[in-house]
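Dropping the structure in here first, questions after.
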Amino acid sequence: MASVSLEHALILAAILFAIGFAGLLTRRNLIVVLACIEIMLNAAGLAFVAAGARWGQADGQVMFLFVLAMAGAEVAVGLAIAIRFRQSLKGLDVDDADRMRG
Amino acid sequence: MTILFYIAAAVAVLATLLVVTRRNLVHALLYLVVSLFAVAVVFYTLGAPFVAALEVIVYAGAIMMLFVFAVMLLNLQAASPPRVPWTAWVGPAVLVGVLLAEVIYALTIETQPLAGAEVGATAVSEALYGPYVLAVELASMLLLAALVAATHVAARAREDQTAASVERGRAVLHGQGTASEPGVIVEEGDA
Amino acid sequence: MLSLLWLIPALPAAGFVLLVLLNRRLGRAGAAWIGAGSVGLSMLAALLVCGSFIVSPPAGDACRQVLWTWMDVAGFTPAIGFYLDAVSVVWVLVITVVGFLIHLYSTEHMEHDEGFTRFFTYLNLFVFSMLVLVLADNLLLLYLGWEGVGLCSYLLIAFWQKDPQNVYSGRKAFIVTRVGDTALIAGLFLLLTQLGTLEIQPLLRAAEQTWAPDSTVAVVAALLILGGAVGKSAQVPLQTWLPDAMAGPSPVSALIHAATMVTAGVYLIARTTPLFELAGDARLAVALVGIVTLLIAGFSALVQHDLKRALAYSTISQIGYMILALGVSGWEAGVFHFGTHAFFKALLFLGAGVVIEALAGEHDIFKMGGLARKLPAVFVTFTVGAAALAALPFVTNGFYSKDLVISTTLGTADGNVWLYVGSILGAFVTTLYSFRLVWVVFFGEAHTEVTRRPRWRQTMPLWVLAVFSIITGFLWLPAWIGAFHPLEDFLDTALPPIEWTGRYAHFAESAGAAFVIILIVYGGIFLSYLLWVPWRRGTHAFAASPVVRPLAAFWLGGWGFDWLYERVFVRPVKWFAHWARHDLVDYVVDGIAWVNLAGWRTLSAGQTGRLRSYVAVAGFGVVLVLAVVVLR
Amino acid sequence: MAWYWQLLIVLGVLIAALTIAAGLIWYERRLLSLVQDRYGPNRVGPAGLLQVLADTVKIIFKEDWVPPFADRRVFVVAPSLVLITALLSFMVVPVAEGWVVIDLDIGLLFILAMSSLAVYSVVLAGWSSRSKYSLVGGLRAAAQMVSYEVFMGLSLIGVVALAGSFDLGDIVEAQEGLWYVVPQFVGFVVFLVAGLAETRRIPFDLTEAESELVAGYHTEYSGMKFGLFLVGEYVAITLFSALIATLFFGGWLGPWLPGVVWFLIKTFIFITLFILIRGTFPRPRYDQLMALGWKAMLPLSLLNLLITGAIVVARAG
């Protein structure tokens, strides 16, 4: 178990985060955007757990639990917005929601 | 355990890549479930079995289920925007590549081994309800707020009802109706 | 027995919870049984606990019961804990006994009201909050009760919420007391940061040890606490809400706005006595607030023609006496006057409630008259109450407590002649207006028909309170009558005894000083008889004369405080808002807007409304920052 | 522990679970016939025992057909999930003292995780079939199982609090003096109801309510893919019976007989209970099902948790 080093775990987190971020930059589907945010949150959680495992402390896992709670809250609100989005804009393209442009 | 970590990591990365590239919403979400499952295995290899279980139960089991449910129930697949051309990936890929390179460079400056000890459910719980208890309360409030907000945003019928009751209150105020219930709002100016 | 302490507030709380949960499912009878019953049981618990406290005092003459720790954050651990000593015993007994009598009274007074259950819900919540306030062992819990009673006061003043005027009155009470509450919470923050605790007894000990007498911080802390007391107890300059608070039902006026809540300020100052002993300037401020209030309110009460408003002003005035006594280090005299006042003022309000009910909602005393024969029970008890308010010598409790208060203004080291003369004048005015009510309401010819007579649930509390208004005075007889002062001995266990060390102490304690008061009271009663019985026409003509009329109007409006506040605070804000909306300022505002607009035009190029471009920009930023950090 | 011993347990549990599940099909049909006063399958083999074998042969040799309009990949994956998750759950169930495939500290959480993944099987089957009956069945399953999972987890926390461990072996050993069905009776009832809902058995089989949804989520399935759903359901019933026996009735504990026998007897009793419930109860409306879950079961399990927590805290001093 000890042979996994901290930076490998952190690099995994960074890669996952980067993929999620790339998806966020590219995809226009609101649901996928939400999923990308989930990926990034999860990657952040992974970094917390890895850092906690470095010191053998529970704090990292505790932080992951808070990330989990936040993700739950985010999904609830995000999906509610997606439903209204679909009703009012007849689609899921986030680029359609540019009425607040300057 | 080490080999398991790398296998799971590879699966996670691959599945996540598929999440952001698939056009079929349900397929993408299923790959996300796979990715989360792989991350759960990673957690287990990092000595965090409790969080690994929660990752599956809450993330894969509940949160992603909610996603899938919403997509299926509202047939969101049909509302998906058109496919992006592959050229759209170039810019983000470069940006993210630079970011990743920086992070990896920063991370590999020095190597740190893991403690290697398993941190079980008891230790996590004790930390959670010990020094972090205030944060737990805050998290519960966040969830409550999210619940209220989601209900409010998603329920359109309710909104019309509220508008109607405000309208009725106005009518009462201007003497065109009767206050059928106590607690009718009286406006500032009339006091 | 003392371990039952928690039951005293818990019972009304249970009543409140039951009433909230069962609300509609409960008939009127059920609501009345739960509402009055819970307070009745609480009264029994209080009698048991306080009785055992008095008979066999615990070690240190105080007992503390900690139920649980409220929160534990960064070393700050306020407890949900109760503290019982002589001072809280007095308050608890008064709250529960008077509270129960008023609940009983309300079951009949409110019987046809559609908000019957709601009324008892609020009333139970009030009793619970008030008990928490006086039993709290730390200032944070005390503040919880403090805000709880404020909330109930607001809810009950605006109880008949269909009339916007009542809602407005409730809101006024809430906002004005909020000014004081803000001062109080600032004081709590100051105490917490300076002394590191809010638990009252350790806090007071720490204050005595760390702060030098008359140090600035002690004075500021005491003044902030005084600010809270001024708001809640309706003292100058925050007294304006109480007369308007009479919009609530009469039992509410009796319980909240006469007997208990408005004396929370007195309790607070008495509770933090050592702090005020450290701060001479703050004590002087307390005394000044007291004397100014009692005079202003007394004169206002003299000209009111709304029965309840007259009583409200008299309440303000009497609390002024209590505050005055606290300000001259006559702590115990203030507490004593609180105790006697609670009984006779509750009695007066309940009597007024019956009168108003009997006359189908008539509040104007000049439209009453001749009620002595039609409502004999109310007449007798109301007269007892008025006599106690006027401090009729020897037979009423008001005489003994007010005599003591007036003596302290001269007899203690903080006292002086001016305070003495002012309080004597106040006593004279008090006799005038209290008997004015009796003469005008119960004598002369009847102007309005009596349509309803009280039954036992209304008259019984009146009689009980009338008896209390007589006998409670005998708990502390002045030295020249006899050496019977159990209340003083009891209070000595919690408060510093009154030290008769002033220049005129010898005179203040003697029968001579009392003789002055006796003279004043009899003179006042006789004068008010002349003014409102044989000479009534003349009095009216005098009041209507061009010289006096503006003065009377001035007093009627409460010395123009509302008028003043309207002009100093309310109108300037409204006017400024109006002006800023429509006038010159528009150019400034437009200018700001134009600058913003220009800035916005330049910046809004980046506002595409597209999530992805925002994310991309954020990503660039992260890349740059990371590059700086990593490659440095 | 020697590797062959471990392998033996693995194979033993796997084969036993599958055999029992297969046997259950026959057992259920016979028992239901008894309830309904008829014979049931009694032609093939002694007392119809070989009926299952015949059915298996038939179902395996059927054409492996996927509807052309279906989402092919998901359609194929979905049936396997239900069996995989149920069988994986058996890994952490101790059959007798020390007889467990993997002694996981978070055993109970693992089972919860598996049961939360099992939902996907039904939902995806319903969705990938691209037919409206299937979709409605799948959606019903999603809402039903996610809802009931909430208090299934909550009802078990009482047991965990009493035993102080997520490890099923520890939980069984903690019941040495007293089976948890006594202090956790409410938890037991809630878990039983949740188990019925999670296995989508009558009365909670609204996902395949044949009178309104044809066959619900598996309308379009045939051949061995349908067979997987069938076997998966029976494995799940076996699993839940085993869990009830383990968590509330002392698992392998019992006098005289060896532990594994006690375990099998207890499991068998609850399997019978499941079948008898199927023979007895009518099917509720969907809103009634949800109301039962959120308005009755959830508060009940929370109350149970509150009281259990208070007792545990009080006992700990």
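By letter and in written order, the chains are A, B, C and D; residue numbering begins at 1 in each of them.
As a working rule, a residue touches a chain if its C-beta (ideal position, glycine included) is under 8 Å from a C-beta of that chain, and two chains touch if they have at least 3 such contacts.
Predicted, not measured: the structure shown is a model, and the values here were computed from it.
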Chain ID, smallest distance between chain and overall C-alpha centroids: B
Selected pair, greater C-beta contact count between B-C and B-D: B-D
Euclidean distance of C-alpha centroids - chain B vs chain D, Å: 29
Chain centre separation (chain B, chain C; CA means) in Å: 51
Distance between the centres, which are taken as Cα means, of chain C and chain A, whole angstrom: 55
Distance between the centres, which are taken as Cα means, of chain D and chain C, whole angstrom: 65
Chain B residues counted as touching two or more neighbouring chains: 50, 54, 62, 66, 91-92, 95-96, 99, 103
Contacts with two or more other chains, residues of chain D listed in rising order: none
Multi-partner residues of chain A (each touching 2 or more other chains): 21, 25-26, 28, 95
Every chain pair meeting the contact rule: A-B, A-C, B-C, B-D
Touch list for chain B against partner chain A, complex: 1-2, 5, 9, 12-13, 16-17, 19-20, 25, 28-29, 32, 35-36, 39, 42-43, 45-48, 50-51, 54-55, 58-59, 62-63, 66-67, 70-71, 74, 76, 79-81, 84, 88-89, 91-93, 95-97, 99-100, 103-104, 107-108, 111-119, 123-124, 126-128, 132, 135, 139-140, 142-143, 145-147, 149-151, 153-154, 156
Residue ranges of chain A touching chain B (in the complex, touch as defined): 1-12, 14-16, 18-23, 25-29, 31-32, 34-36, 38-39, 42, 46, 49-50, 52-62, 64-66, 68-77, 79-84, 86-87, 90-93, 95
Complex contact set, residues of chain C against chain A: 600-601, 603-612, 615-616, 619
Footprint of chain B on chain C - complex, ascending: 73, 114-115, 118, 161-162, 164-165, 167-168, 171, 616, 619-620, 622-623, 626-627, 629-630
Complex contacts: residues of chain B adjacent to chain C: 91-92, 95-96, 98-99, 102-103, 105-106, 134, 179, 182-184, 186, 190-191
